[in-house]
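Labels run A, B, C and D following the written order; every chain starts at residue 1.
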Amino acid sequence: MTHKIFAHLLAAALVAAAGPGSAADCEPSRWGAGDQVGNANLITQQSVLKASQLIKVGKIYSLGIVIDANTPAYPPRSLSLQVVQPGQQMGKVASPNSIYNDDLVQMWLGIGPQIDGLGHVGSEGNYYNCNKAVDISDISGLTRLGIENVPPLVARGVVLDMANHFGVEHMEAGQYFSVDDVKAVEKKQATPIREGDVVLFHTGWTDAKLASDPDAWVSGEPGQSEEVARYLASRNVIAVGADTWGVDVLPSPDPNRSFQGHVILLKENGIHILETMNTGPLVRDKAYEFMFVLGAARIRGAVQMIINPIAIR
Amino acid sequence: MTHKIFAHLLAAALVAAAGPGSAADCEPSRWGAGDQVGNANLITQQSVLKASQLIKVGKIYSLGIVIDANTPAYPPRSLSLQVVQPGQQMGKVASPNSIYNDDLVQMWLGIGPQIDGLGHVGSEGNYYNCNKAVDISDISGLTRLGIENVPPLVARGVVLDMANHFGVEHMEAGQYFSVDDVKAVEKKQATPIREGDVVLFHTGWTDAKLASDPDAWVSGEPGQSEEVARYLASRNVIAVGADTWGVDVLPSPDPNRSFQGHVILLKENGIHILETMNTGPLVRDKAYEFMFVLGAARIRGAVQMIINPIAIR
Amino acid sequence: MTHKIFAHLLAAALVAAAGPGSAADCEPSRWGAGDQVGNANLITQQSVLKASQLIKVGKIYSLGIVIDANTPAYPPRSLSLQVVQPGQQMGKVASPNSIYNDDLVQMWLGIGPQIDGLGHVGSEGNYYNCNKAVDISDISGLTRLGIENVPPLVARGVVLDMANHFGVEHMEAGQYFSVDDVKAVEKKQATPIREGDVVLFHTGWTDAKLASDPDAWVSGEPGQSEEVARYLASRNVIAVGADTWGVDVLPSPDPNRSFQGHVILLKENGIHILETMNTGPLVRDKAYEFMFVLGAARIRGAVQMIINPIAIR
Amino acid sequence: MTHKIFAHLLAAALVAAAGPGSAADCEPSRWGAGDQVGNANLITQQSVLKASQLIKVGKIYSLGIVIDANTPAYPPRSLSLQVVQPGQQMGKVASPNSIYNDDLVQMWLGIGPQIDGLGHVGSEGNYYNCNKAVDISDISGLTRLGIENVPPLVARGVVLDMANHFGVEHMEAGQYFSVDDVKAVEKKQATPIREGDVVLFHTGWTDAKLASDPDAWVSGEPGQSEEVARYLASRNVIAVGADTWGVDVLPSPDPNRSFQGHVILLKENGIHILETMNTGPLVRDKAYEFMFVLGAARIRGAVQMIINPIAIR
């Protein structure tokens, strides 16, 4: 279908679009003006080779939990799945030699285990690398920073057991860990954070609350303080995750800066975020270091993606 | 919501359910009566360790191509994505310190790069391991064999360049390769298929046709003959894929046995299928052997899943 | 997109489709072999003229209640709505002179006030007028008996206040009314049921339970006995409705004949069913007779449709 | 689920929301500060009684055409329907005495025959009656001006045959009719527009183009000039429709004022808009005057609704 008319109308509109999001509100990425990848640029053949050397016993971990229509999520996110048998209504034979199920979903992509693309959270009218919100946020898909741009994330993974650091089975909603806490765990576990790492935090929150009290689970969470996000950025990690739905502590100590860690990581530093990561099995095995492998399904223009990264050690 | 009434009605109905799918039509899996995993059971710490030794230069490949609303798919599959800004209508400030995009999709999960779960194709009323179609194919999600049961697929990956074998840039729709063809390529490439492997076929079909002639791409495909599927099963592979949307040749030499390879692999042998795999970059690099890593997102009861496996060598 | 391949495959399959649904299981409609309209054929210019004479005071009633994501419905039905502003992300100016909201839904059409098309409920493999389930129930839309075939339902409407008959504010789940009950109310209200009528029953169920106890509301209902359905068919009505989600009594006195009223009305007699009708305002006004007007939105191949019929007296 | 946290965050955000949409940009409705109904307030028992007197021969017309997945619509609107048989997979018996089809849709509500609610188009940050866009346009549904507020539209309907006026089978895209044209047709047909009317324009566009050239159909349209909208508002009509997808002429004579008729009718005057109305059968019968009846299905917070109004004469 040719929509020249619509294109015409939109062209007229673009002139008028100004408002927030001036160049002053953003800092170009060190990876170059056109970059859509951020710190994932740090992945090199050499870094991958090095990460692969962390595979010592061959044990694998599924970092994505199972989701369904009952999985709580940040409003108004929801999920609905249908399994159907096209052409086989009422036992009709669609094919002489086979039967089949097919499936369709209506879902928000920010449910359960997910990666936040660099177009998910920004500030002052801008997303990562001075991409203006008004320019890229098309209703039918991000025109830049879409999830299809995320390269395979293959890197050294480190999980930091913050619950253990605090001597609890699980941290509480609103409880955050500071840079000192993180450094203490790095040292204790002998797993210093390095450039190019994927860093995961284990708070115990999802193991403790998702099944037993889903409303509490989604209404708050323990997590990183804003300073931790800056610290991780200073270490040049490529992704930050946690066993919580939002990584940042909620409620935030400063209610005017909720999810500021998202702004720091995604927008200011091009660092991807990994949510609802199943870190329990890792820490129970004291598997603090591993090769992390994530290939996120590539729907053009998607903001986030449901994922199931694999840890191998 | 309690639906005791409905449960009551359904219980009455279950008594009546008979028809096709008797025990005689299926063979229990060698992995045990309750098994939902199939040959992926062959993945062990030792096999993973061994596969990891294929990482020699640290190069990574994204085996999933980008999909969108225009990607052709087996009818009536379709995809629609919306990117939205909850709470930020017309520039409203939802949060004092940030802005965000969110996204939702309405889609069939069998589009583009996908894994077929063991509940996707069966025959004679049964799916893998004597799971009766009438029992497991609930409208709201498979009650057994759902995609959430697929473990991380980490294994030796082998890509067989069939197009090169036939001396063409791409094979044609309806053109199939035989067991002899496969064996010849195994030998030529010095990549014998081994137990526990993920085997991918490069036909050149998607590179040649998806963009240039999408209707042709989805209306037919080169692929494996039925005997190849049996041969691969005899080799105890864990997954079989190709750079086509359906792996099996279409039209089939025998129109009454279309997609019979699916029946052989999925139902009879518990071997997962990987479709629309981006094998071009692998064969261009002559990267015939690699570590294959796939963590499929885990929607409970889903039949298939859009994926982006990673090859590392 | 041309799908000759698929057409070819399906043609082969059609030969094999036999099973239930033989001609013996159905009786052709008195309206002719190709009829998809049923008793709505009784609507004539004369019947409309006569119905219009029931408009005496000009008062109008909206028979459809408001539905949303929280409205309970027969599983697995659900509804999700999004209001969006295409091209206006973050206050972007899409048009120099205007702003706009748009909306999309993911929903099952059998929620709240709804009309059941003649392809909704059948038996013995057949729907109305010997339409075989295997033939018409295409995944992408009914190929016959779709809601687009329902003509405007303009007729004399009669509401029978069954709650008042039993001297209660509302009838109870599982409580049914018999033919004698219906006849008694016809007489008491001086509203005899006539050929071509739309008959609605007021049980008080929705007014009493939908808001106060939604789980109870959807788990059962008062309603017509099977004999009432036959009686109404004998009277040649064109549609039967109630202020319940399913018109038929549930639990049924005979658990093996749940919703048998649907079979009798829809399949055996071509009489449409109207569910969750807002009859409260009518009976409170003693507006037992009125002109009923319903134009159901016409999505090709839909089974049901959300509606809001208008009563005018 | 309790989302106190989110409520808290949003409360903080509301303080910051200012920007466009000040009181100066809107004029309160003459129907009162809280009014959500607009000119539909003109519907009274007396007006309904009077409209009913237009029923003289009992002929009924379905003003809604049939829509499906192929119906073109303003981007990015689309529709997808699935017909399914819950609990009856592969011929399973869900109920001893019956079979059934169910259906679900994923669709934008602005497709084909539709009513635009008063929250559909506004300007300067405001919708009808000084409802600020930022306040009412919630992602999960309009909090004011949702379609559930539209009362039954029962009124005198008038169709003006503009194609006949211009001596053509159909007007062309970009061709508009002026106030003088409208007045000429009013006089010629002897159907003066009166307060409380529903006015429909017949341009011949949909009859001529929808099936034969769907791309052309949706890329432009004949329609009312801006002045006609003002004229209709001055006549206090309750709704304005046409046999085009957008009522207003497109391209507009002034590209900076596209769809200004929507602003005038919806926002400035509380007059509903009816699109893609099937006026052909009316003008072929010279049925220029009739009783118009529309009960739009009531999804809470919906912006638009697919409809099928009924004309009765």
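Operating definition for what follows: contacts are C-beta pairs under 8 Å (C-beta built on N, C-alpha and C of every residue); 3 or more make two chains touch, one makes a residue touch a chain.
Just so it is clear, the structure is predicted and the values come from calculations on it, not from any experiment.
Enquirer: With touch defined as above, tell me whether chain C and chain D contact each other through largely the same residue numbers, more than half shared, or through different ones.
Expert: same
Enquirer: Measuring centre to centre with CA averages, how many angstrom lie between chain C and chain D?
Expert: Going by mean C-alpha positions, chain C sits 24 Å from chain D.
Enquirer: Once you find the CA centre of chain B and the CA centre of chain C, what distance in Å lies between them?
Expert: So the centre of chain B lies 41 Å away from the centre of chain C.
Enquirer: Averaged over CA atoms, how far is the centre of chain B from the centre of chain D? Could you give it in whole Å?
Expert: So the centroids are 45 Å from each other.
Enquirer: Which positions in chain B are in touch with at least two other chains?
Expert: 9, 12, 19-20, 75-76, 82-86, 89-91, 95-96, 99, 101, 104, 106, 125, 133, 137-140, 256, 258
Enquirer: Which of line, ring, star, complete or other matches the graph of chains that touch?
Expert: Looks like everything touches everything, fully connected.
Enquirer: Where on chain A is chain C touching in the complex?
Expert: Touching chain C from chain A are residues 9-10, 12-13, 16-17, 19-21, 76, 78, 80, 82, 84, 86-87, 89-96, 106, 125, 133-134, 137-139.
Enquirer: State the interface residues of chain C toward chain D in the complex, per the touch definition above.
Expert: 19-20, 43-50, 52, 55-69, 75-77, 79, 81-86, 91, 95-110, 113, 119-125, 127, 133, 137-142, 148, 151-152, 154, 256-260, 262-263, 291, 293-310, 312
Enquirer: Any idea which chain C residues touch chain B in the complex?
Expert: Residue positions touching the partner: 1-6, 8-9, 12, 72, 74-76, 82-85, 88-91, 99, 101, 104, 106, 139-140, 214-215, 218-220, 250-251, 255-256, 258.
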